[in-house]
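Next come two complexes built around subunit A: one with subunit B, the other with subunit C.
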Partner chain A sequence: MPTTSPAPAEAPGGDAQPPRGEPGAAAVLGRPAAGAFVAPALLLIAAFLVFPALWTLYLGLTDYRLTGAAAVNPSFVGLDNYTQALSDPQFRNSLVVTALFVFGSAVIGQTFLGFALAWTMRDWRSPLRSVVEVLVIVAWILPGSVVAFLWIAFLDGQSGTLNALLGGVDTEWLLETPLLAVIVFNTWRGTAFSMLLYGAALSAVPPSHLETARLAGASAFQQLRDVVLPTIRGHILTSLLLISLWTFNDFTPYLLTRGGPNFRTDVLPVFIFRNAISSGQLGYGAAISTVVLGVNLVIALFYLRLLRERT
Partner chain B sequence: MGGWLRLVAARVGFSAFVALAAAFFALPMLWLVFAPFDPTPTLAARPAGPTLANFRDVFQNPLVLTSLRNSVLLALYAMVLVVAAATLAAYALSRVHLPGRDLLLYVLLLFSSVVSGTAAMVPLFLLVFELGLINTYLGVTLVLTGGLLPAAIFILKDFTDTTPTSYEESARVFGASPFQILRDIVVPLVRPGMAVIAVWSIVNVWGNFLIPFILLRDPDLAPASVVTYSFYTEGGQADLRLLSAFSLLYSVPVVVMYLFVQRRYGFRFYGGIKR
Partner chain C sequence: MTLKLQANAVKGGKNATEASWLQDWVIPNFQKLMADQGKQVTVQYAGTGADDEDVKTQLALDLRTGGGPDVFTPDGPWVGEFAQAGFLKPLDEVVGSEVNDWDGWSQIPRPVTGIVEFEGKRYGIPVGTDGRVLFFNKQLFARAGLPTNWQPKSWDEVLQAGRQLKARLPDVTPIQINAGTAMGEATTAQGFIPLLYGTGKNLIDGGKWLGDTPETQAVLGFYQQLYGQDLGDARLQLRADGRDRSFAQFADDKIAVLLEGDYFWRSVINPDGGLAPMKDRDQAVGWALIPARQPGGGLNGQDFVSLSGGAGRVINPNTKAPKEAWELLKFLNSKEALTNWVQREPRITSRTDVNQANLKDPLLSFISRRVLPITATRPGSAVYPQVSLAIQTATENVAAGRSDAREAAGRLGAAIAKAVGADNVTGAS
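The block that comes next holds the complex of A and B.
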């Protein structure tokens, strides 16, 4: 779940400024003791984060299977898994579905709705504002398997709330427009992060700049375009990169549609799960995972560069 | 006159947008508000009852109680491990300039954002399988901890960096061991940071579906996230009385914990991993 999403607000390193208290630090904690203190965390991270990532690269080059002969004695198959993927229509379908899912729910849905909420409510002094904010945030922190069912109920054709509001139509949204349904669902689920980030960014825009623009006769739209957006450009990029990364790796669509119907919501995480864990083609699944890791790496490197530039 | 009209139009537009947005976020949640108290819940969100009979049923269902207990256990194991390992590491990293520390932190951050549970599900599954830890909480705990630790260290290091070292230096002069210093001087000072990490770990593990779904095959071991899912996908018609009341019970703790942290420590920006 997305509550969940920490990493430092400040740049992690590179330009080594000595932290406070460093000169006397050697007296406080010797290097052997420091090494012993760091060891448990590093071992856990090495074994359960770094090693799996590297192992994926290797597994993707084998025909490892969950059962059968290739489970006992997997052999090295080079790039076969990758050529298989390129000619696999389901993989190409999954790429398109994933791109639409990320673009629709993260780039368009969450970013626009999150910004619109933060912008329209920025000067609103009313208890209702907290009500709206809490609603958005609760959608974000409820457990994934619960919200998935809430949406199955909400979109149900027979007795779902949506159809009742639309005046008794009986569209089965999850069967007829599954990808759109999942995109709207993920927008609902994740807008809180953008809203909170943009809220914080907007409160940092100097009021005097806005005042000047207003006195010069700028409309709200002009203020937004000429004063606000340039100031918070870094925040917009941060938010876009992070939510794209999260959405790209999101497994929650599985809880709503299991990739169906007819693979129309088969995002890459679900594709990997189906091929690797359900069908037991671990090598093939690992090759697709490598592709996901590669995309993640590109996004994360952009993000880290951004963090370093900002500080 | 035109200015006045425009003001009214802006006001109406604002109210309409906020009302629509509030409705968009509230409507799907209505079912969770009404159905648990409805004697005969359907998929429709409508007020009825109220009755507490559904909750009585939930508490008489052994599978449900076990799954909640399993969630509590998993969350506690991971929380203890994350807080302990992260506190030790954050303290050491903030006090001693180990060679390559900044690069190390940079690479850890990179890994924690790149290696998601979905991208690494194959090797994680195989690793736990090879270690013989499928169907054990140790396997799930270790995998979750590995993913949570880098971010936890980062957040905690923010706290340890800002605590003064003068007490530690005097304690050192009087012959206290590094561990005594950590336990008696540093921990009391960074306790708010540890509380944030603790709640954050619990909330994460509490909601996590994929890792226990893959690593635990025995239904008796499944935590609430997986049991909720199996309630509405397996065995034909979902028992909505059970499902609704259980979903509410399962959801309340994370909402309460989140609001507690929010109120106590405010919202701070940490972007980064999500597994």
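The block that comes next holds the complex of A and C.
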């Protein structure tokens, strides 16, 4: 149930929040001092986040171009770019592809795999755990271009590693199942974050609670459902929020497929790149970027709302 | 003093010969020449080996922020776009009126200087020009019972040869004609536009851009026949690295016919340092003019058509050393320098004196004798990239089987109308 608490939705746990109405840091330091402490942060946020966002909003209302006369003297075109986007079947296609990509790789793939790894390894003390963790993290920290090259080699039809392992198969995965391929790729690439976050969260579940549940005869599934998940709910939502936003803005599929074949992996960042940069329509690209910004805000608000709900 | 020289050429990669010519010959010799005149000039080479679109984006962004290399190498059509945006200024404004006194101008024929001109003003010196033809594998043609001096006279004859190749050589892709967004400008320049010229129209006809017209429908219809009947491998057109793969497959005797420019001959299948070297290139590869849809049906009533482009070298208006940059530009295009380049790798330079003395390569002399007289160029305008993207999208949808030619032409017309304004398009849209 939503509450109207003005307290900031503090991530994980939730037990440590100050009771409502308690004076915050401002009361201890005094308003001017507190203001002085946050001013540098606010300035940086204004310069690097708020200003570019407003600038994008403005550019989206113009016919600004990369080259040509409109690069010097863009003119104001109102909402033309937005109406153009709404009537553009390529844009609608991109929206659907992006939704599937985010849902498949972030919400389903990374969250489930990350949690499964963290849950499976929660009591391991063997070096195997370190080995698995290092491997997962390596997938996360390698540069995107390197990883993309490895995956192209892995999925290649004639000489790819995957088909060699399967034996006697020559499926061109990036052509036959392109969206699934980039979803699996992104899951592989981004699972480390979820695994680390859930690993930390699981170690915060009080062992006594689990012990009590075990003594009461709860099965492993019941312990997970009734003890673990309610305790780490905040972690789950925080993780979902972050990886949904990252995935929504992820450009890496371009390195594997360039949005193809025939736009089947044409996620919004690739769509924006093609229209804004390759074809030079910076204004149109900015309008789509504004839409993406709006969708990101909606995603963020949705999760924050869930985080505030206390059951 | 340091000058930065940019070209989309890198040793061991794209345009490798140009890169080694620039780095091993031009730069040391230019620095020596300057030193002899008592000037200490260092030239720093800033080469890339990327797709042209990416290089263009990088240059546009660099120039927009007041930076960029002192001397760089834009593709011809970019000159107009950059000039309109103020990223480039006429040569005599950047350097001074002495540019008009260069003795090299008299060696560059009129149509070729046009490559780096915009609204009648010179923006740089052209590097050279090129032409597009149908390359074919003579050995595969012989095995399929087709003549090794093949010269189709209509689109139907091209498709007919494709069907015969497909029937006799099931393991070979008969004809590959670029389509799709992954290939970028290659789709437009080595696919759609040469075919469009074969219908008798240019992209801009009578002052208006072509939209959904019988001609664009015919071109997309040709694509539909080609890829719908599996005479070409549509998957090559859809994948990210399709163009490189098509090069490799042609070099590997897996593609019989490929529409490409002389770049393909010089820099891709060149047995000496090409991207996909073909040891028996000189014996195995033949070429034919691109036929019009039917004889006499091409641009200006021609039987055969082609498209030409070419790059130029220009001076960045932001340069701090315009005089030295001009010295470098002159040196790059001197008879001595271009002769050294064509001795490393035959190509059609902008200078007649160099071409006459050195053009012994059979394909290049074919292009300069038979193709250049019938060729045409792309419009250099800021909306062109957007039109080009619409064309790439339309051909991709047809090659992938998502749309038929009529539907794709309808969408192409609508997209072009959006790009250039509904009043500037012909055809219902």
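In this section, the second predicted complex is superposed on the first by the 246 of 311 C-alpha atoms of A that agree within 3 Å, B and C clash if a C-alpha of one lies under 4 Å from a C-alpha of the other, contacts with A are read in each partner's own complex, and residues count from 1 in each chain.
Simple rule for what comes next: a residue touches a chain if its C-beta (ideal position, glycine included) is under 8 Å from a C-beta of that chain, and two chains touch if they have at least 3 such contacts.
Remember, it's a predicted structure, so these values are computed and weren't measured experimentally.
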Check your understanding: When the two structures are overlaid on chain A, which partner does A:Gly260 contact: first (subunit B), second (subunit C), both, or neither?
Key -> second
Check your understanding: Which holds for A:Gln84: it touches subunit B only (first), subunit C only (second), both, or neither?
Key -> second
Practice item. Considering only the touch criterion stated at the top, classify A:Trp188 as touching first (subunit B), second (subunit C), both, or neither. Key: first
Exercise for review: Go through the superposed model and pick first if A:Leu174 touches only subunit B, second if only subunit C, both, or neither.
Suggested key: second
Check your understanding: Where does A:Ile152 make contact in the superposed view: on subunit B (first), on subunit C (second), on both, or on neither?
Key -> both
Exercise for review: Check whether A:Pro40 is in contact with subunit B, with subunit C, with both or with neither, and answer first, second, both or neither.
Suggested key: first
Point to revise | subunit A residues touched by each partner, larger count belonging to subunit B or subunit C | key: B
Exercise for review: Report for A:Gly144: first if it touches subunit B alone, second if subunit C alone, otherwise both or neither.
Suggested key: first
Check your understanding: Looking at the overlay, what does A:Val131 touch: subunit B (first), subunit C (second), both, or neither?
Key -> first
Check your understanding: Taking the superposition as given, does A:Phe48 touch the first partner, subunit B, the second, subunit C, both, or neither?
Key -> first
Exercise for review: Could you tell me which stretches of subunit A are touched by subunit B in one complex and by subunit C in the other?
Suggested key: 152, 255, 258, 277
Study note, to complete from the structure: Contacts from subunit A onto subunit C in the complex sit at residues 65-72, 84, 89-90, 152, 172, 174-175, 255-263, 274-275, 277-281
Point to revise | subunit A-facing residues of subunit C, complex | key: 53, 57, 60-61, 64, 78, 81-82, 84-87, 180-182, 184, 235, 238-241, 381-383, 385-386, 388-389, 393, 396-397, 400, 402, 411, 418
Check your understanding: In their complex, what parts of subunit B are in touch with subunit A?
Key -> 10, 14, 17-18, 21-22, 24-32, 35, 42-45, 81, 84-86, 88-89, 91-98, 101-103, 105-106, 108-127, 142-143, 145-147, 149-155, 158, 161-162, 164-165, 168-169, 172, 178-179, 181-182, 200, 203-204, 206-210, 214, 224-226, 228-229, 232-233, 243, 247, 250-251, 254-255, 258, 267-275
**Study point:** Interfacial residue positions of subunit A with respect to subunit B in the complex
**Key:** 1-10, 12-14, 16, 18-22, 24-31, 33-35, 37-38, 40-42, 44-45, 47-53, 55-56, 59, 64, 113, 116-117, 120-121, 124, 128, 131-132, 135-139, 141-154, 156, 158-162, 164-165, 188, 191, 196-197, 200, 220, 238-239, 242, 245-246, 249-252, 255, 258, 268-269, 272-273, 276-277, 282, 285-286, 289, 292-293, 296-297, 300-301, 303-304
